[in-house]
Structures are given as C-alpha cells and as structure tokens.
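Given below, in the form of structure tokens, are the structures.
Below, chain A partners chain B and then partners chain C, in two separate complexes.
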Partner chain A sequence: MDLDNLASLEYFYPEIILAGAILLVIVLDLVIKNKRVIGALSILGCLASLGATLQLYSGPSGFLFHRMMVLDHFSLFFKIVALAATILVLWMSFSSREVASLHQGEYATILLSSALGMFFMASATNLLMAYLSLEMVSITSYILTGFLPRNRRSSEAALKYLIYGGVASGAMIYGMSWIFGMTGSLDYSQIHAALFQGQPNQLALFIAFVLILAGFGYKIVFVPFHMWSPDVYQGAPTPFTAFLSVASNAAGVAILLRFFFPGVSQLGPDGSWRFLSGVEWPQFLLIVSMVTMTLGNLSALGQQNLKRMLAYSGIAHAGYILMGLVVLNTEGLQAMLFYIVVYLIMNLGAFLVVVLVANATGKEEIDGYRGLAWRGSAVPAIAMAIFLFSLTGLPPLAGFVGKFFLFAAVIKQQFYLLALVAVANSVISLYYYARVVKVMFLDFPEASDGRVELNPGAATLLGLLSVMTLVFGIYWGPLVAFTSQSLQFFTK
Partner chain B sequence: MEITLTHFLVLGAIIFCLGMYTVLSRRNAISVLMGVELILNSANINYVAFAHYSSGGVDGQIYAIFVIMLAAAEAAVGLAIVLAIFQIFHTIDVGATETLKN
Partner chain C sequence: MEVGTVVFYLIALLVVASAAMVAFSHNIIYSAFSLLGTFAGVAGIYVFLGADFVAAVQLLIYVGGILVLILFAVMLTHRITDVQITNRSAGVVPGLIIVGLLFWLLYETITTTPWAKAKEIAYAATSAKIGDQFLQSYLLPFELASIVLLAALIGAVVLARKEMKG
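This part shows the complex of A and B:
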C-alpha cells in the first residue's frame, strides 16, 4: 500500500485525534478556570488516540503521505508506548506539587505535542521526516525541562539540554547530508537499494553513520552521547523527567531501529539481519553497549540525589537495551521491545514514589527516604522496593524476565563476554538500588521527616504499576506475544 | 577555475568544524548557540550542493529550507532559555551557571 496525501488521512486518526486534543486544550485553557479539567481532558484525548491506534493495529500496513511515513505494527507499537507513557505521566502530574505550581494548560499542551512528535519518530521513513520529528520532540523537551519558573536547576538543565541537543541533531543532519549525497535520495527504501547495489565509499559511510548515531544516541542516552542526561534529569520537573526517561528513550530506539534495520540492512532467510558489509557494526555496538552499562552503573553508585541516581541507572538500562541490537536478529529485537515495555512500567513507578516523597519532604536526596516505611503509609516504600528490585532484575519481577530474554538472545549468538559484563553490571546495580531499600526499611525516621500522604489518584496509579511489575514477572506470555507480533516492518 | 561539488563539500566540512570548535571553546551561551547555527548551515550547504550536482530533484533544497525553519524555532527557544538564565544568574557564561554536578 502506497497512499497519497488524501487517502492517507484514513489511516492517520491517532495523530489527528492527538493534534485535535492539543488544539482543544489550548483553547479551553483560556476559558476553564478549574485546571484539573485540563489534565483530565488531555488524558481523554490520549485515550481516544490510543483507541484509534489499537484499531489500526488489526488493519493493513502501508506507506502514508507519499512514503514520508509508514504504518506497520512496529510504528503502532511505539505509538502505544508513547501514549501509555503520556497518560501515566499526566496522571502522575496530578499528584505532583511541583507541577501544580505550573501553568497547567501549557504543560499539558507541550507534553502532548512531545507525544505527537514521538508518533512521527516511530513512523518516519524519510530522512527529512526523521529530522523533523526528532526536533519536534527535542524542542518540546527543552521547554518542559526549563518549565519551573525562577528555578536555578531547571533553567541550567534546559540550557545544557539545548546545547547538547542542538549539537547532536546538527551532527546528525550533517551525517544525513552525506548519506543523501552518496545515495541521491532521502527515502529509506531508495537509500537501501542504492547502498546495497552501489559501491559506497566505506570511510564516508562510516563517518556518516557515526554522526547519525550521535543524533539518535542522544535520545536513547548511550555513551558517549549521555553527558546531558544526569543534569537534565535532576533539573527538570520530576514527572517530566519520568516521561523523558521512558518515552524519549523508546522513541529514540524506534527511530534507530527503523533506520538501521529496514534502512541499511537486509533480512536474511534465517531471521537474522545482514548489515552493510565493510563496516563492523556488531563489534562497534558491542563495545558501546558494554561501556554504556558499566559507566552508568558505576556512576550511579555514589549518587545522593534519587533523580540523578535514576538518570545513571537509565544510562545503564540503555546499555542493556542495546544488547538486543548487537545480535542483529529478530530474537534480539523482540527482547528489546519487551524490555522497553517493562522498563516503562517500573521506571515510571520509581519516579512516582520520588514525586510523592518530594511532595511530603521537599527532598530528592536519599536522606528524605529515611524510614519511609514507618512514616505514614507504608505503601510507597513497599512499591518502591518492588520497582527497584525489578530494575535490578531480581525474580519474580518483570525486570528479571526482560533481562532474561536479552541475555538469552545474546548467549545464543555466543557473545559470552557481553553476557558476562551484563551480569556483573546487574550485581553492581543491586548495591545502589538495595541501598535505597535499606534506608527506607531499616533506618529510623527523625522527627523532622514529613509524613508521606497518599491521595486516591496516586495510590491507584502506584497500585496499578506495582501489580503490573509483579504480573509481568510471572505471566509474561501475552506481552511476549504482543512484542513478537509488533516486530513487523513494512518495506515494500 | 571551475567550481565543483568538492569545493562545496570542503566548505561545508570547514564550517562544520568551525561550528564544533565554537561550541566547545566559547563560554558565552549566545556564542555557543551561534556555533550550533554554523553546524546546521554546514549541513545546508551539503544538501543544496548535492542536490544541485546530482539528478536534479529538489529534495536537498527542501531539506535545507526545513533546516532553516527549525533553526529559527530552536533559536527562539534557546534565546528564551538564555534570557531565563540571565534573570536568575545575572550572567550567560555557561561555566558560571554550574549548580548541577555529582
């Protein structure tokens, strides 16, 4: 299916609904005084868009808008992930005192625009569309990072993010210009044909790919494009940090996979992907993956600020996710998709507890968690323990299953060194995650520590996320089926 | 001397390197943003040159126009952030605004 502009609209409902919701929120924000309504309306818009996305999932695949975008299970999967993250983050924002002080209408509008950008990132099949969508997500992220008014950390984080993001996307389009020059096209399938039939200059190709990786890598946060992340995570409003850590990361993976798999490699008959010969990508990615997880985990060890610790843990998890890319086969990719869903659930949960504790004590440092289990409700402490142990990868939690699939894919292809480094990293990560659990349960609170109050909305969300973490650790079949079904790229 | 594609590509590469150098060496936030603009424009030169010397489509030119538009959007957000930084720190030296560190 290769549709023109008008015919494409029929398959473009999720985006249209989301864009409509954005416009509606902007207008109603001027009229409605009760700002809670704005948040609820944004969630409704996301749910409507989610319904449309799920409906398309059972429909046909094809190119839209003269091959600018593609509709297939892979893009729909990442749209669902982006919407799920947006809904959960909006829900989380209701309970955040930090966000309550902000302009709600603008906050919701920009967050939804970011989600819309992620939709385009997931489905871009043209270098121009890839750049536009990436920038749409980046620019909205800069704004939301610096959204706390008169806040030193927030403004500084926004400036750092803007500079890193600007350089990374500049380097990326410079790399893309070389690809355009070598192949004479911006369209992925024509690039694919030109690269595989012609004899491209290996050195130029290598430089171009490294530059493009800079642009995608700063979204996924792998080394050496990770430097912005700890500062930005710490400075940004916490619910938005949560959004950044899961949704932006997932969208980066989507655009990377779309470019590297149907774009510049070929599917072999045995389900493995053959990369363009001459450039040793698996070796290169292997090193990037190992360095990323090791550096992330080692840097997280000494952190006192929970948001900063979760930022470094996010870098480590980006390393784990990259493991699935190293093996260059369907099994690895499926493990990546599975891990993205699991990471979304457990990481959002951990950030929700950070929000609740910051509400009660105004602290993000680890001493704000002293004896959390004995201060008011014990539920946040127990939930946090579940999320942190799941992030470590302990059974019977979802994180364990996710890591198991990644390790299995790597070991089957006999990358023993990578598997060994990953296991060692999981052990290192246990230290800093368990330290938080120890502080929450074994230390005694002091009189000055505020009680942690749970409102019904936050309690429901916390329960939902922790139950999902537990359930996917025991009953992962449906999620595996969903991810393997989602691994379908439309290329013809 | 006839001007060929190579001349444009060398020009693009030089501007790219100058942009990178500006970003890495300058401490003034506005200068750093100007470095980013140089990087974006080096890519523009490449796109337009490749499009001009190859098959004759307009993809390259269109890409360059989009880059110019997005550079404007990024500069708008960037300057707003720099303004916020100036109001808080009373300086736009990127080194002097260091409160976030390990």
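This part shows the complex of A and C:
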C-alpha cells in the first residue's frame, strides 16, 4: 500500500504515542514535584508505544505519508530495539546517582526524542527523512552528552561529539546531493530504478557512497569515523552512554541497511543481494570491518577506565556486526539483526554494573572493581562476569551464539581471511574482558573501597539481563525466528 | 561567456573566498563578519536556481538573524579578542597533497558524470507551491523538523541555564 497523510495516521500510533509522551513529560515536569514519577511516566509512554508497535507487526506493510517512510517488519524490528533500549536505560537511570542530580524532566524528554528519531531512522525511505532523523538523533545525543552540570569532561565530550558529528553529517549530505544529482530523486525506490536502468558513472557512485557512509558510519562507530567515541562514552552520564552504545549503533545499522540493501541493491531469488555492478562495495566493507575490529580491540587492551574500555569494545563489536554486511546475503543480514539484540542485552548489563560501582565508589577506573565480589552483594560481580564473557563470545552465553551466526555466514561465502581475523580478535578481547573479571574475583578489596549497594530495582534489572544472556545462549530458537521474520523489506 | 555565467562565477568566488576568510582569519570578529559574504552569496546562488522563496529566507534568517546573533555573541563575550585562535596547522605539505588529490578526483568525477539535468529553470514564484508541498507530500518531514527544533530548544535551555539549586 501507498498511503497519503490522513490514511497513514492509522499505522502511525507508535510515533504518535511517543511524541505525545514527550510533550506530556515536558508539561508534567513543571507540575509534579516527585521526579521518580516522571521517569515512570516515560517508561509507561514507551511501553504503550511498544504495544502499538507489536500490534502493527502482524498487520500489513506499506509506504506512509506519500512514501516518506515505510512500514515493514524491518522498520518495526528496529523500533522495538529502540524502545527496548529506551525502557531499559530509563530503568537503569533510576538507580544512577549521577542521573539523580540532573533535571529529570528534560533528561527523559530528550531521551524519548532520541528514540523517536531512531524510529524515523529505521523507516525513512527518502533521503530527506533519512537526513532529518539522523540529525534528530545526533542533536539529542550532543545534548545528553553534555548534560552533567559543571563537569568539564562532559562538556568537552559534547563539543567533540558536535564537531565530529557536524563534519560527518556534512560529508553525508554532500554525498546525498551527488545521488540526487545523478538520479534526480530523493525517494529510495526512484533512486533504485534510476540507478539500475541507467548507466551511472561508477566512480561517482562510489564516491557518493563513501561520503554517505561517513554519516551512517559515525553512528555505528566504525573506523575511521570512531574518533569521538572514547571521549564521548567517558564524558556522558553513564546510562546515556549505555543508550548511545546500543540504540544509536542499532539505528545506524538500520539506516545503513535500508539505504544500501533495498535502496541500491537487488534481491536475487536465492536470498543473495546483487549490488550495482562495477562498484566494489563488499571488498571495501571487508577491509573496513577488519580494521575496525582490530583497532577497537587493540586500543581496548590498555584502558584503565571501564567506560573507555567499553567504548573501544563497542568499536570492535561494530566491526563484528559489519561482517554480516560483507557477504551480501540474507543469512548475513539475519546474523546482524541477531547480534544487535544480543549486544543490546549484554552491553546494557555491563553498563548497569558500571553505574552501580560508580554509585558506591564514584570511580569508573578498574581499581574501583578490586574485589567487587567480596564487597557487599556478590551479584553485580557475577553478573558482570556473565556479560563480559558473553561480550567475548564464550559458550554457553548469548554472545557466543551471535558470533557463531556471523562467523558461519562469513565462512559459507568463503571469506576465510575475515573469519580468521575475527577469531583472532575474539581471542585478543578475552584478555581485557578477563582482566576485569580477575580484578573482581581474585584481587582483595582494600579498606577504603566502598560497599556496593544493590537496590531492588537495579537487582531486578540485573537479574533480567543476565538471565536473558544465559537463556539466549542455550535456547536461541525464538530469537532466530523473530529476526528472520523481521528481515522483510517492503519495496513495491 | 554569457553574462549570467560570469555573474555566477563571481558569486561563487565570493562564497568561497569569504568561507576561506572565516576559516583562516586569526581574529574571530573578522571570521564572524566574513560569514556575511558566504551567506549572502549562497542567497545569490538560490536566485540563480530560481528558488526565490529560499533565497529570501536565506537573507532573512541567515544574514538577518543568525549572523547578527553570532556577532552579538562574539561582541558580548568578555575579552574574546584577546584570545588568539591560531589554528595550529601541522603537516601542511602532506595535507595539501591529500587535498589536491581529492580535489582532482572530485573534479574529474564531476566533469565526467552524466548528471540528471533539471528542465529549464522557470523563474516563477515558488512560495505557493512550497506551501502546498509542506502540507501534502512533505508534511512528515515538516512536522519532524518541528520536533527536532523543540528538542534542540529544550537542550539549549538546559545546557545554558545556571543551576538554581545548591
């Protein structure tokens, strides 16, 4: 279907609810004195939006608002991911002492706006919408990065992020203007038709794609668009860092896949995608993927600050996720979607422990984790061990299954070198993840190290995330079914 | 060369030269003033493209609003002229080589690519059409832009305000 403005509203409830929640939170923030209510209200808004999204999942697909955006399983999948991340991060924010000192109403408002931007990133089928939604997510991210008052590191991170983001989106919009110049259209399906029917200049297309990739790539954080990430991850309020590492990354993948797959590739009957002939795209991505994971892992080795270490590990994981893109087939894409869900769970869990430790000690450095298992409750240390081993990709945890699918997709298409580099990287990553586990369990705490308190809310969330990490490591069937069902693009 | 082409290149020169001034000037007030040439020149390019409404808006918002705001911010900031922004440039030679190569690559590509040419530019009023489009095909981006601006506004207020408590 191809609906006009009024008819589209019926399929637009998730966005309407979320936008309504944003406005409601701003207004109620002026009236309500108890700030926990604001957080609870935001979560409620997200849950309502999630309900509406799930309902659309069983409904029809089609273009909405004069082909400005598309409703299909692929976009709904990423909306669910964005909402899940937002809900979990809001939940996490309840137990963060850092966030408690901030303006709750504005914090929740901007976080929800960011989620709304991700909705549009996942469903944009027009370069104008793609650009606008990306800017929406970027602007809200700059704001939340610099949200800590009178904190030099936070302000510096926001400024760095802003400058890198500005350059990246400038490059992207320049690339988009080339595409527009070659095809005369902003609409993805018209671009597709023009590129496949006409005889486009391959070099010009390649340049345009690289420029556009700068904009998308800085959201997914792959090399060479990664420079901002360690400083921003370290400077931002920790729950928002967690949000940035999973949701922003996923939204970047969504917009990238939508543009490069249904946009400028053709799906063959055997589930393999054919890219525009003559543009050596997969080879280019292959190199980017290998460099990204290697650089991320090697830089993570020497880090003392946990947030910085997780930033570099995030870069490495962006490299792993890119592996699914290189093979240009449905299997690879499905592995990517699976990995995004798994990464969301385990990375949010790891950041939750960082929040808890920072609450107790005010430290994010590794020595704050000294003997964590013997300081008060042992639960955070055990959960952290689960998340970190899952990030490494050890069985029987969810991270292993995610990596297994990615490696399998790559090996089946005989990209042996890539698989080899990825395996070597996993081994390197074991070193720095295991170092944290060693410090937590084998080192003894000193008298000055604070006890780590666990409130019921944080304990429930921690339990939920670690159980999910374990369960998806053993029983991944439903998640595989869900991701393979979600890999449906609506193009006609 | 036609007169139109000559005028176009003069405007383009104005834009690029002013932009270079913005980037290379050591005094931030000169940089701010140089933006005038860039903004006004871009308005001229819009006129060339037959986009009368956009050109007028460019003049109103960028030259009339944003530039004045920047100048105010620069002038009101205490002792801003004392700060010498030196743009320390390291590795000028390799940088120039890379920029030169990139420029050559882009130039070669642009001149050999068959671009989708627009039909003859019709110099007619566009504002009515833009209004129609905003409420029809482009309603969604129009509304989305308003949410982006709302979020930016809230963010700006939060980041700029003084802490009241404590």
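What we mean here is this: the second predicted complex is superposed on the first by the 492 of 492 C-alpha atoms of A that agree within 3 Å, B and C clash if a C-alpha of one lies under 4 Å from a C-alpha of the other, contacts with A are read in each partner's own complex, and residues count from 1 in each chain.
The rule is simple: a residue touches a chain if its C-beta (ideal position, glycine included) is under 8 Å from a C-beta of that chain, and two chains touch if they have at least 3 such contacts.
All values derive from a computational prediction rather than experimental measurement.
Colleague: Considering only the touch criterion stated at the top, classify A:His103 as touching first (chain B), second (chain C), both, or neither.
Modeller: Once the two structures are laid over each other on A, A:His103 reaches chain C alone.
Colleague: Look at A:Ala194 in the shared chain and tell me whether it touches chain B only, chain C only, both, or neither; answer first, second, both or neither.
Modeller: Only chain C; A:Ala194 stays clear of chain B.
Colleague: If we overlay the two complexes on their shared chain A, which of chain B and chain C does A:Met68 touch? Say first, second, both or neither.
Modeller: second
Colleague: Which partner does A:Ala316 reach: the first (chain B), the second (chain C), both, or neither?
Modeller: Neither chain B nor chain C is touched by A:Ala316.
Colleague: Could you look at A:Ile207 and tell me whether it touches chain B, chain C, both or neither (first, second, both, neither)?
Modeller: Only chain C; A:Ile207 stays clear of chain B.
Colleague: Quick check for you: in the superposed arrangement, does A:Gly302 touch first (chain B), second (chain C), both or neither?
Modeller: first
Colleague: Considering only touches as defined above, state whether A:Ala122 meets chain B (first), chain C (second), both or neither.
Modeller: neither
Colleague: Looking at the overlay, does A:Ala398 come into contact with chain B only (first), chain C only (second), both, or neither?
Modeller: Neither chain B nor chain C is touched by A:Ala398.
Colleague: Is A:Gly184 touching the first partner chain B, the second partner chain C, both, or neither of them?
Modeller: both
Colleague: Once the two structures are superposed, pull the chain A residues common to the chain B and chain C interfaces.
Modeller: Residues 128, 132, 135, 139, 142-143, 146, 150, 158, 181, 184 of chain A touch both chain B and chain C.
Colleague: State the interface residues of chain A toward chain B in the complex, per the touch definition above.
Modeller: Against chain B, the touching part of chain A is residues 127-128, 131-132, 135, 139, 142-143, 146, 150-153, 155-160, 162-163, 166-167, 170-171, 173-174, 176-178, 180-181, 184-186, 230-231, 234-235, 299, 302-303, 308.
Colleague: Under the touch definition given earlier, write down the residues of chain C that touch chain A in their complex.
Modeller: Touch list, chain C to chain A: 105-106, 109-110, 112-116, 118, 136-141, 144-145, 147-148, 150-152, 154-159, 163.
Colleague: Which residues of chain B touch chain A in the complex?
Modeller: Touch residues, chain B against chain A: 9, 12, 16, 19-20, 23, 29, 32-33, 35-36, 39-40, 42-43, 46-47, 50, 54-55, 57, 59-60, 62-63, 66-67, 70, 73-74, 77-78, 81-82, 84-85, 87-89, 94, 97-102.
Colleague: Residue numbers of chain A touching chain C in their complex, please.
Modeller: Checking each residue of chain A against chain C gives 5, 19, 22, 26, 64-66, 68-69, 103, 106, 109-110, 113-114, 116-117, 120, 126, 128-129, 132-133, 135-136, 139-140, 142-143, 146-147, 149-150, 158, 181-184, 194, 199-201, 203-204, 207.
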